[in-house]
Each structure stands twice: as structure tokens, then as C-alpha cells.
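Have a look at the structure below before the remarks.
Naming follows writing order (A, B, C and D), and every chain is counted from residue 1.
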Amino acid sequence: MKKTKAVLFSILIILFFFNLSFPQENLSPLPPTEVRASDTPNDNGHSITVTWKLSGDDGADKKNVVAYEILRSDSPTGEFIVRGMVPAGNNTYQDRGAKEKEDKNYFHPHKDFYYKVRAKTLNSYSESEVAGPAQAYGEWFHLGKLPVFVGTVTFTIMVLAFISLARKGKEFYVRPLAGIDAVDDAIGRATEMGRPILYILGLGSAADIATIASFTILNRIAKKTAEHKTKIIVPCNDPIVMSVAQETVKAGYLDAGRPDMYKEENIFYLTSMQFAYVAAVNGIMLREQTATNFYLGKFYAESLILAETGSVAGSIQISGTDEIAQIPFFVAATDFTLIGEELYAASAYLGREPLLLGALKAQDLAKAIVMISLALGALAASFHLGFFLKLFTVQM
Amino acid sequence: MNFLEKLLALDRRIIFLFIAIAVALPLFFTVKLHIEVTPVVRNLHNALEALPPGSKVLVSLDYDPGSMPELQPMAESFFRYCFMRDLKIIIIGLWPNGPIQANSALEVILNEPDIKKKNPKYGMDYVNLGYTAGNEVVIERMGSDIPVTFPKDYSGNKTEDIPLMKGVKNFNNIDFVYNLSAGYPGTVEWVLFGVDPYKIKLGAGNTAVQAPQIYPYLNSGQLVGLLGGMKGGAEFEIATGHPAKAVKFMFSQSVSHALICFFILIGNFAYFATRKKKGA
Amino acid sequence: MRRQLPILIVFVSGVFMVIQYFIPHESFEFIYEYAMDWIIIIGIFAMLLGLWSLTRASVSKVQAKAPGWGFSVMTLVGLATMLFLGFYKGNKSIAEGTFFMDLFWYIYTPIQATMFSLLAFYIASAAYRAFRVRTVLATILLVTALIIMLRLIPLGPISGVNQWLASWILTVPNMAAKRAIWIGVGLGATATALKIIFGIERAYMGKD
Amino acid sequence: METIGIWIAALLTLGIFSFLYKDNPFYKFCESLFVGISAGYWFVTTFWQVFMPKLADNLIAGRFYYMIGAIFGVLMLLRLFPKIGWLSRWSLALVVGTTAGLYFTRYLVSNGMVQVQNTIIPLYVKGNLSQTIGNLVIVIGTFSGLIYFFFSKEHKGAFGGLAKLGIWFLMLSFGASFGYTVMSRMSLLIGRMDYLLGTWLGLIR
């Protein structure tokens, strides 16, 4: 025991002196080994992945390796330049570059590259053998996204199948929805009171799915207001939304056979800034004394300001959004709320168009599949069967 | 209409008036509220305590005036802490307004008597590198070269010439990153593009609305600690032993929360009482 | 031409975007990036439509001397001032320290912050009206909201229990309900997107 | 400038607050000014920060692909001329089609697959009662919540019972979000009060 201690001590002393006289060479760490370079899978073709086995001096007790530098060259004997650095403990690096030819950092695809990995300590380093050649190329299908692909194809087939069933005249049952039944009453009330209806499409752009769902509902409601000869006001916060809303309302008036009653100036643009828009809509509610307010689409923090002001004005309010954080405020402050998915379903409900109802059925079928997967998945997980989870795991 | 019925149909404006008073009045008082420091804030504080004096801390302010009430006290308390502990501050912003917010926080802190004694110098103890466009790409570029990503500081000095920036090449030379975030780009991007590839140590302060989305990163250890909303800011001030704005504001929070609860209770009391009467 | 071609454009661009999601190759990435930029550029052109609509509405109110027409003058003045200040010195017009930015800091910012802060009042009045033990559902709403709000109030001995309960509600049942809504929204939105791509949902196109 | 600015800001703040009492000319003034200023601000900043770098700079650099975007942009403007207004539908179709395709996969992945993936959790965790209960509640809550959103079947019987459980979960979640948001809304008001009482009047520091 004593002997080993003495030996260790003398080794330390020797190391110490060597260190003083030859600071560089003798502190060189062991080099990284088994360096491999290959094309990065599932990418656009401007990247190569380098992997290696950690240096023998990279570890909790030795700790003298602090980082790895990754070097690249066009030829195994040519000049190697540093491409990047990762901290100790890492054994992969993605050498990535730009895809634009004019970019300084352009990464040439389909060209041979050679790699070296350098293990670095604070004052020394050692290099691995050269790996390569490797070429970068782009893939035509992202394998990690296979579950999404399967989902896309299945869901598309389901929607198209139900729609074709609807085309063939199959009748579908859908359960009643409180918010939808309230729409007719709300329009009737405005007519009786002789006051206008306010329709807010939210802050979404014309391309937001919730806004598009809301356009369809607006179209149905415009048709009904035209039949009742009630004024409908649609202030917008996006110019494209305004243009579309004008077309939609006009179409509703055409459907009702009253194109003469359509007034473009009632569908107007205010401003695209959230709270300035709200300030103006608040004013409209109180000054026009709207009898019924619809808030359907994308809503953010302004939801509660609108709903509370509308309630001060004594309007009947029907709301709906897929913006999950705002649903609680609509539920608390408006008379009827279409929660999340119900907003999308509403267009099918209001129009009773068989095609739209068919799509709704496909949605329900998909939901059933999801519910079964949830139940089976949880059971599988309870018995430590990991394969089920893999079916839903998407690699980006 | 008797009193209870009036209470049931209480004019909103009375509630508004009470809320205004409940928020404004406590601002005039300094009350030692008992605020417990939760583990997520404690962890952040411990991680900072472990840094030796002279460590370089990168502060990324990613918010605009809209989130000032929640995040500005966090910025101030953090700067104060760094100056007291002699940690070197490097400020950047992924939002255009971030560096402006930093300057106004610094103005407050540098005028505090304790800090004045320490007399921190620009360029030696702290530096503001300003804003660079590019969102998460900025973080990626900083991973390879900070002076190239931020070639000049906020006032136009060359980054290379600033004494504090000597030897700061990339994240390897940064000991801690602190991010104040109100959305995109923010803490999520710092985790995905900073922590994951470069293994930086990251602590963050978020708005209360944003905080729940950040929680998963705490559980997975990608984030050292988190200040959530004004309460998190107050806890940090308590943890650092220097109660300031957020603690003071928390008094307003408590009073206004209590007031809302009280209103809900009397509303229900009135509802029950009138219903009983009708039943009788 | 008026209706068939737009529906075709929707179909082609929609299908392309779905397909490109699965193809990492750069050729698709390039088209994707261009398409996204085109969308932004179209949006910028459309801004002129917005300004035109706002100006026309305000001017016609002023001309007709409609009630409150003086306020429409204010809108026009504000708009014209910002447009003038924003362009008269070229791209230096909106640098920090210009009069344009002064208006932003001292007019725009405080009004927008104050509008936003109105929510503090409205959240209180909405809570007062909605949180009554009328039905089971309203009671659940009320009780959970109270538990969560109480976490900010010093409650002495039951504070700890309440803190625990509040965080359990936020992380467990709250999370479960949110997931249900998310999944529902996901199915509804994908179905709607499909209906748009296949031209079944086309009310937004209007009629002739 | 700063003093005048603070006074203007403070008065405008009071103008907006006055709406809480009732609609009045002071509020109307602030509102109409705000609409004009914000529309102008938005146009100007979008022009300099988006239009110039995205379109003008790219065209100058000879990237003529961007012309396609500009052509569709001009078509959008044709709405102003009733006779050829229908051409704007082409631009609209491009915008809607592209984003519908984009959102399709985005919603499918982040709202569908990722959520399902997160809910596939063991119903029994050995030796950890609280996690077992938590997992059970999450799975049951998500499942019954989805039942509530089922449109094809009336909420009756056992199915109706599950749907009812689902809506209870939803209400619980709404209550929690509501209560949770109070803090951030109060923060906003505290910020304004601090401005009025501190920055403006100097009553508090």
C-alpha cells in the first residue's frame, strides 16, 4: 500500500517537472477515434454529419479535454480548416452551410469532403485520423415524418369518402349545438329592436383557418340579415379580410335575393393595430347600439374588452374561437360560446350543406380513432410497450 | 329594489372604482409581504450564486413596452444582483426594443446608492451590444462568433475594442445566459438554439401568460430556473435579499386578488339570499 | 375564368404546400421560401386597400357632416401626420429620436398600454357577473378560479395546501382539458383546410 | 420634450380610462386619434421594415422571382376598380391555398400527433401514487373532453355521462385559466398606475 503511494507520488513529481520543461507535447490528450462522416439524413443537401468516439481523456475523472474542433478539407492531404466546435462530452457535429450559391458559407453538395476531429485541452490538442470522403445530398422524402404522411393520407381519404357519400344523397345526423340554435333568435331580436348586428372576424389574417371558417358563417348570417332587412356592420382589422368579408356578405345578400340592399360601406377597415382596433369597435358598439354581437375567428387579449363592452351595451353576444387562452373569457362574458372545434363545425350546421356535413362526419371518425389510440396507447404504456408511442412520434 | 337586489345587479362602475383603489393605494405603502421563494426561483438564484465574481453573464431582453410591468422589475433586480456580485453583464436584444428597455433599467439601477458606491464602468463591467435582426438565427450565429454577430455596441463602438469583450468569442466564454421573454423569439428559442446545441446555462424570466409553456423545459433540466410573471420577479428579489419594485407591486396584486374574491363571494351571497326570499 | 381559375390556384398551391412538408430537398425548399415571401408581399400591397377604406369612410363622414364628424377629422390628421413624418426623410424617418418615434412613444404607446390595462377592470366585472353558483358548470368555474386566485393571497396555515392544489389543477386536469380542445381544434382545422384545398368551402370567394 | 411627452401620455391615459365611466368626447378624441396614428404607424413601419427589404432590395439585386409576388400584389389592388375587381381573387386564392396547405400539416402535427403522443402515458406508475392518479386524470380528462366534441351522437345515456364529465373538465380548465390570467392583467394596470402616480405626478417612487 505504502509502495503504491510512493510510486504514484513520484510519477506525479515527474509529470510536474515534465510539465514545466515540455508544456505542450506531454499533456496532449488521447485523440478521438472512429471518426465517421456521412450525409445528414432527411435534409436539404447542404450538411454532413460527423461522429466520433470520445477521447480517452474526456471524462469526469480526467476532464482535461474541454472541447472538440471539427476540421474539413477538400482532400485527405490538403489544408484542413476549422468548421466548428462542440464542448467536451459531445460526439456528433452537423457541418451545415447555406444553400444559396452566392452565400459566403455555401455548402457544396455532391462533392468529396474529408474530416478530422481535434480534442482540445486548455493548452494542447491532438487530432484524429482523417475520415471520408463524404458527400452531402438532399433527400426526396423525410422518413421521420412518415407517421404524418400516413395520417395525412388516411384523413384525406376519410374526408373525401364522406363527402362522396354526401354527394350520393346520404343524410347525416348531427346533434344540436346551443350556440347555433341561438343564432336565429339573435338575428330575430335585432330585427324586432330595429338595431344593427355587429360581426367581428377577429384579428386573424384571411388565411387563418379560423377566419375562413368565420367567413362561411358570416355568409350564412348575412343571408339571414338580408331576409330580415337588418343592418350588419363588419369592422375589419386586416385589409384582405375586409375585401373577403365584402365579397362574402355580398354573396349572402345575393343568396337571399336582395343584392340591392347590400351596402359596401358597412364592411370597412379600421386599423391593423390590436388595441386601436378594439378602441374603435368599443365606440361602435355603444354608439350604434348593436342588438347582437358575433365574435367568431381568431381572438387574443382583446376578447374580454369586446365582450364586456358589449354586455354594457346590453347586446346578445355569440362568440367562438380556437384560441384556447381566450375561450374562458368568452365563456364567462358572452351568452353563447362555440368552443374550439365547434367553431369549425358551425359552418356545416348553419348551412346544412351535405358536403360540409360529410366533412364533419370524417372529423368525428378521426376523433374516434384518436380516442381509441389514446386508450390503447395508455394501456400499452402501462405494460411498458413502447412501440405504440412510436406510431405517433414525429422527427423534425 | 332592496339592497340585495341592488347588490346582485351591481353597477360595474362601482367594481371598477374599487379595483382602481385596490391597485393604486397599496403603491403608496411598503409592506413586508411574506412571499415564499418557490424551487424554480431558488434554483436560478443558486445557479447564479455559484458563479465566481468576474463571470460573464449574457442578458437577452426580448420584450417591448407592452410587457414592461412584469419584466422590467426582473431586469432591474438582475442588474442590481450582478453589480453587487461583480458579475460582468453583456446585454443584447432579439427584439428591437430590448436594448432600449435595458438602458432604462440600467438608468434606475446605476442611480441606487449601493450601486453608486461600486461605481460600475461601461465597457468594463457592463456593455450593451444592441439589437440584431434574425430571431433564432442570431442565437445560432452567436454560437460560432459573438463579435461578428454584434460588430458594434448600442452606441456604435466596435465590439472588439471594448475591454469587457476581450476574449469573448462565443458561448464557450459566457458563464451564464439570462433571458427575459414576452413571446417569440424568446426562451423557447434560447433553449432550442442555445441550450441544446451549445450547452449554455440558461435562466429566464417570462410573462405570467407565457410561463406555463416554458415549464416543460424546467422539468427536463434544459432551463436552470424560471421567474414567472410579477410573482416570480418578487420571489427573485426576496431570494437576493433586496426587495424592490416587484415585491412592492405584489402588495397591489394581493389586495386586488382579494378584492375580486370578495366580490365573487358577496355576489353569491346576494344570489342565495334573494333566491331564498323568492322561494319563501 | 372568374371562379374556376381561383379554385384551381387554391388547389395547386395547397397541394404543393402539403407535399413540400414531406420533401426536405432544396428545390422544394426554394419554392416554399419564395411562396412565403409572395404572401407577405401581397399583404403589403393590400395595405393600400386598408388605408383607402379608412380614408374614404372618414372623408365621407366629414363631407356629410355626420354626427361626430369632428372625430373623423382627428383620425385623418393622425394618419396624415404619421404618413408625412414616416416618409419625408426617406428611410431615416423612423430612426430613434425622430418626431415620428416621439409620437409613437408619447401617443401610441400610452394609449395602447391603457387599452390593454382596461382588462384588469373587465376581468373583475366579468368574474362578478359570471361566477355564481347557478349551475354545476358555473360552480366548477367559480371554485377553480377562486382556488387559483387565492394562491396570491397570504392565507396563513392553509396557504401551503392551496399552493399545492393550485399547481395540481394547472398541471393535471387543466392540461387534460386543454389537450382535448387542442386535438379537436387540430381535427377541425385540418378538415377545414382540406375543404378549402378541394374547393368545397368557398364562401370566402364570393359570387358574381 | 420629455416633460411635454409625459403630460400628453398621462392625459391620453386618463382619456381612455374615462371610458370606464361612460362613452364621452374625451374618449372619442383619444380613440379617433389612436386609430389614425396606429394605421399610419403600421403602414410606415411595414413599408420600411418589410416592403423595402423583402421586395425592393431583392428586385434591385436582380432576384426577379419576387416580381411574381408583386404582380399578385397589384392584382389585389384591382379591387378598387369594380369592372376588373374579380382579378383580385387570383391573389386571394394564392394566399388562401398556400396557407391552407401550410396549416394542414402544422395543425395535424402540433395539435394532433404531438398531443396524442403526450397523452400516451402509463396508467399505473409503480410506487408513485400521485403520478398514477395524475396520469389517470389526464387520460380520462382528455378522453371525456373529446367525447364532448363528438357531433354525431346525442349526449344521452353512458355516452352523455362521459360527455358531461368532459364539459366539467373543460369548465375546470376555463376557471383555472381565468384565475391564472388575473395576475398578468393586474400587472398591466399596476404599470399604468405607476406611470400616473410615479412618472407623471411623482407621488410614489
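FYI, a residue touches a chain if its C-beta (ideal position, glycine included) is under 8 Å from a C-beta of that chain, and two chains touch if they have at least 3 such contacts.
What you are looking at is a predicted structure, and each value in this text was computed from that prediction instead of being measured.
Ranked by C-beta contact pairs, the top pair of chains is C-D. Averaging Cα atoms per chain gives one point for each, and the point farthest from that of chain C is the centre of B. Work out the mean CA point of chain C and of chain D, and you get 4 Å between them. In this assembly, the C-alpha centroid of chain B lies 22 Å from the C-alpha centroid of chain D. Computed centre separation for the pair chain B/chain C is 24 angstrom, with centres defined by C-alpha atoms. Spacing of chain A relative to chain C, judged by their CA centroids, is 16 angstrom. Among the residues of chain A, those touching two or more other chains are numbered 148, 152, 155, 205-207, 209, 212, 240, 243-244, 270-273, 275-276, 279, 287, 308, 325, 327, 329, 331-332, 339-341, 345, 360, 363, 367, 370.
The residues of chain D that reach two or more other chains are 16, 19-20, 28, 30-32, 34-35, 37-39, 41-42, 76, 79, 92, 95-96, 98-100, 103-105, 107-108, 112, 116, 119, 139, 142-143, 146, 149, 170-171, 173-175, 177-178, 180-183, 186, 188-189, 191, listed in rising order.
Of all residues in chain C, those touching 2 or more other chains are 18, 21, 39, 42-43, 46-50, 54, 68, 109, 111-113, 115-116, 118-121, 123, 125, 127, 129, 131, 141-142, 145-146, 149, 152, 170-171, 178, 181-185, 187, 189-190, 193-194, 196, 204-206, listed in ascending order. Those residues of chain B that touch chain C in the complex are listed here as 10, 12, 15-16, 19-20, 23, 33-34, 36, 65-66, 68, 100, 212, 215, 231, 250, 253-254, 256-261, 263-264, 267-268, 271-272. By the touch criterion stated above, chain A contacts chain B in their complex at residues 67, 84-87, 90, 308, 312, 325. Chain A contributes residues 147-148, 151-152, 155, 172-175, 177, 205-209, 212, 240, 243-244, 270-273, 275-277, 279-280, 282-283, 286-287, 325, 327-329, 331-332, 339-342, 345, 360-361, 363-364, 367-368, 370-371, 373-375, 377-382, 384, 388-389, 392-394 to its touches with chain D in the complex.
Listing the residues of chain D that touch chain C in their complex gives 1, 4-6, 8-10, 12-13, 16-17, 19-20, 28-48, 50-52, 54-55, 58, 65-66, 68-70, 72-74, 76-77, 79-80, 86, 89-105, 107-108, 110-112, 115-116, 118-119, 134, 137-146, 148-149, 166-183, 185-186, 188-189, 191-192, 195. If you check the complex, the residues on chain B that touch chain A are 12, 144, 170, 172, 197-199, 209.
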